[in-house]
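So the structure is just underneath, and the comments pick up after that.
The chains carry the letters A, B, C and D, assigned in the order they are written, with residues numbered from 1 in each.
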Amino acid sequence: MDYQKILDEIYAEIKPELTRGKVADYIPALAEVPQEQFAMSLTLADGSFYSVGDSKQKFSIQSISKVFTFTLALDIYSKDLYKRVGVEPSGNPFNSLVQLEYEHGKPRNPFINAGAITVTDTLVSHYGSEEKTIQGIMDFLCLISANEELYFDPIVAASEMEHGDRNLALARLMRSFGNFENDVHETVLTYSKHCAITMNTEELSRAMLFLAFGGTDPITGKIITSPSRAKRINAVMLTCGHYDASGEFAFNVGLPGKSGVGGGIVATIPNKMSLSVWSPGLNKYGNSHAGTIALEKFTTKTELSIF
Amino acid sequence: MDYQKILDEIYAEIKPELTRGKVADYIPALAEVPQEQFAMSLTLADGSFYSVGDSKQKFSIQSISKVFTFTLALDIYSKDLYKRVGVEPSGNPFNSLVQLEYEHGKPRNPFINAGAITVTDTLVSHYGSEEKTIQGIMDFLCLISANEELYFDPIVAASEMEHGDRNLALARLMRSFGNFENDVHETVLTYSKHCAITMNTEELSRAMLFLAFGGTDPITGKIITSPSRAKRINAVMLTCGHYDASGEFAFNVGLPGKSGVGGGIVATIPNKMSLSVWSPGLNKYGNSHAGTIALEKFTTKTELSIF
Amino acid sequence: MDYQKILDEIYAEIKPELTRGKVADYIPALAEVPQEQFAMSLTLADGSFYSVGDSKQKFSIQSISKVFTFTLALDIYSKDLYKRVGVEPSGNPFNSLVQLEYEHGKPRNPFINAGAITVTDTLVSHYGSEEKTIQGIMDFLCLISANEELYFDPIVAASEMEHGDRNLALARLMRSFGNFENDVHETVLTYSKHCAITMNTEELSRAMLFLAFGGTDPITGKIITSPSRAKRINAVMLTCGHYDASGEFAFNVGLPGKSGVGGGIVATIPNKMSLSVWSPGLNKYGNSHAGTIALEKFTTKTELSIF
Amino acid sequence: MDYQKILDEIYAEIKPELTRGKVADYIPALAEVPQEQFAMSLTLADGSFYSVGDSKQKFSIQSISKVFTFTLALDIYSKDLYKRVGVEPSGNPFNSLVQLEYEHGKPRNPFINAGAITVTDTLVSHYGSEEKTIQGIMDFLCLISANEELYFDPIVAASEMEHGDRNLALARLMRSFGNFENDVHETVLTYSKHCAITMNTEELSRAMLFLAFGGTDPITGKIITSPSRAKRINAVMLTCGHYDASGEFAFNVGLPGKSGVGGGIVATIPNKMSLSVWSPGLNKYGNSHAGTIALEKFTTKTELSIF
């Protein structure tokens, strides 16, 4: 299939959508990103990759980082991780406390904020400090994206903390139920930092490749995680990857994926490729408006889907 | 792959599980089914099929019928159907009214009771009466399962109506929000009857074949629904097919599927096969205990999964 | 105190408020009532009474009837009544199903719709039929209001049934939890009829007199209910009499009271008097806008309050 | 009326109840209080007072302090206070976050934890620091209880902070909605300290006297608050003073009151007297078991009630 041609077509067709949606404004540092940007990249098993748009432009990966921290924590804790976080869609907005109270402090899944903060908390326990945890996450991200160095944006991280009352409330609520191990501030700071990591679509599509190929990086041959875990991470992306629009995404796109409020989305087509798309304008669910449509166009044009 | 051998293995391994779980007892007619029964069937595109256990034993398909009514309604109403029912996981038990009230009478998806009753209501509007609707559903089921005649169990349907207060409450609540077109009693009766249809695992795996093959029955060549709709029905089965254990099922089994409180489950492996399993003992979420485990064993042994 | 002067003052002051608020429009029969009407009446222990405005104009008493059915049921069932309905404020709108589902079909109090329907259900069980129940309620109302004959408006009752889906949903939901004894339709019809009783403020203030005087009608000397029950009915009016604005009413007016969507309100000042006020325009909580203000003016001017 | 005789009777009758209930154990410092203690005191307008039991024994006043901080804040902010906190019963447990999220960070009333923390936040804004706020509250309490000095228990306050995750979560959640002015830790520390104030029933009944007499201390003649505010504080105590058992308390006791998890309860009988009772064993709603029964006995024996 001529993937470059397909990406070029999508790029041409998507332009009217770039002015729609709304850039995340809950923290000032994200609100400044110009809206009319778009990039899309895909990586194949043989290392060939295709891109269109601003695919070198770094952006805040935000909740996409949750896929990587979940993978890391699953490798460290194995099934014990599920004592602290579930794998069920929540049916509620990403930062809701309601379900968490009814369900005694155990978050529904690792991709809503509460669940991701829990996962970060397990990593802080493992690595021993905020600094070492960020280092561990960075090392892992460099490994899977074949990068030498990656950074988080300290301004975004600080801005996130400054407006982090909701996340601190979630952490405190979990702590009140005994589902928290470290200092609340330290864990939420760690969480804010890994959300503030900046990458571009080329790097992100490369980083997702192991998840499209049963846990093993098909280019380097390195085993990143087990086939069983890779399969399960894809399953959780499909059912829970887009908050309370996860069903819509599965329905319209039909791929395991994870979005971030920075406008990025990553996705896998198991045994075929990994993808990343970016456009900062968000739809009402907090997922990239143009990015979601671009992925839908891609699965329609290629007739690739897991279903 | 030697499917018969795999089914035989599963049958041998599953025996200790047959005493676990709990037969549905919310209506007397279902509570009488002996628990220690098991059957599993799969159908391939070339018409070959494999079975193990009581695969000729008919049972009440219950919520599995929702897959077929959803398919029918989608063909009749196309996208307009989504004005009345969503495609999002609910995160709540199958018969909850809470979300329905908060969301002004529009059910989250066609597989929770409220959503399925809405779908039935659209069918009653289309066919014109309870009797003609049941006939329409039966004709469709005969078509897709290559059967000449199928029946519903009138005792189960009557028992369902007698204990149908919760379903009537759901219907009334939707009606109070203007999301209901026919007589409440008539629609819920129609719903109770199609839930009371009896089939065995051979028939059910056969009936699901078109959904595994893009909407076209690969044996007869008949187009049952469009590729796009088949893909979307599979997506909704994956995200919403097992109530508030849908995430767990996707996570552990990794296939689009739909369960019923009669102990049946249907599933598809897109482009490969369709399956059905049955064992009456249910887990705490109302899904077949042994059936879920059997499917998990099947995807583990065959390494088939959509992820 | 010169009560007539105070009522006259209130009448003069209240005029600008009569165009505010909004006449109940959930059933057509109520929506036709002209908005700019007002009446207020009070009755003292010696039989003297004072009125202002359209105090002979009959209106639909609606939820005010719940005070009388609760009194009747309490006399019949005594403490056993509390097995089926509580006495706690609900914190939710009058017709919400949410709490009822969480709390397994037991309504919070007898003044939200679910609770009042339960009370009516106990009366239907006691009297044996819808017709006899309505007769029993009417006889009771004639007794306490010193009337020879009272009526319900059959058009309002029919209109109420026609738009009664929410009430039928509440009844069905309670039935699904085993908290319902009679035919759902029959009980909700009985409920709709007693809500459709028409009275004026003179009759209503007279009817409430026994509750202001420890259960005994101070004019006739008849014991209507025990002192302990009268006290408790007043307590429930204070904490639950105005749905999710009960706190505001206690805070601003400081009297036990009960409102109806027909625009009527009744209230007691224990050991002093009973009152009724009427104006059809409702505030956002479904309580009479001008009526609430009039009562607030009354307690301010007279410095009468239970606090 | 011979109040001493009545208190003595209650003391004799209440003994079997003292072993029932359960001492608060959510913080270690409270869990150590011996359960079988009881005291009851009442103060009349002429300064005469009556007591029974351990009426000199100081205990942690806990949520009773909310009545005093509410009074203080109402005098400082007048109606503006209601922009930040409502006066409606919550229908939920004292520390629930659910309603707070649905209602965008505005607590239902000043007596649930969220509301009381908001009130404390307004006081910290007014006084300028945690230390000065505690001093302001202490001065006010000394004034109204005719004491020269009062203390908070630093061990209880510290223990409260150590187990204060739920309160910090509530504060954070309100802050995320913009309904918080000071440092979260500082305000919650201030709150924990005023909850840790220790008083006995004699002091508490004396401190409540102004609320029973329209805001003016009848003994000293000092105006503590306006008649209108006194009336409203009583109304909020009646509808919201006992969390989700406020209806039951109004129903069974029939007096405005406020309980604390230290086992204390205060109550007023407007224009007659103020009361305080104490017994550490709590009922399932977190209110003193024997204390509630003692007040119920008091209103039954004296036939005093607001209804």
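Simple rule for what comes next: a contact is a pair of C-beta atoms (placed from the backbone, for glycine too) under 8 Å apart; a residue touches a chain by one contact, two chains touch by 3 or more.
What you see is a predicted model; the values in this text were computed from it and never measured.
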Report the chain pair from A-B, C-D or B-C that duplicates the A-D interface, where duplication means over half of the contact pairs agree by residue number.
B-C
For chain A, which other chain has the most distant CA centre?
C
Based only on mean CA positions, could you tell me how far chain B sits from chain D in angstrom?
55
At what distance in angstrom does the C-alpha mean of chain B lie from that of chain A?
32
Multi-partner residues of chain C (each touching 2 or more other chains)
none
Using the definition of touching given at the top, classify the network of chains in this structure as line, ring, star, complete or other.
ring
Chain A-touching residues of chain B, taken from the complex the two chains share
86-92, 99, 108-109, 227, 230-232, 234-236, 238-240, 244-248, 250-251, 254, 256, 270, 303, 305-307
Where on chain D is chain A touching in the complex?
96-98, 101-102, 165-166, 168-170, 172-173, 175-176, 180, 184
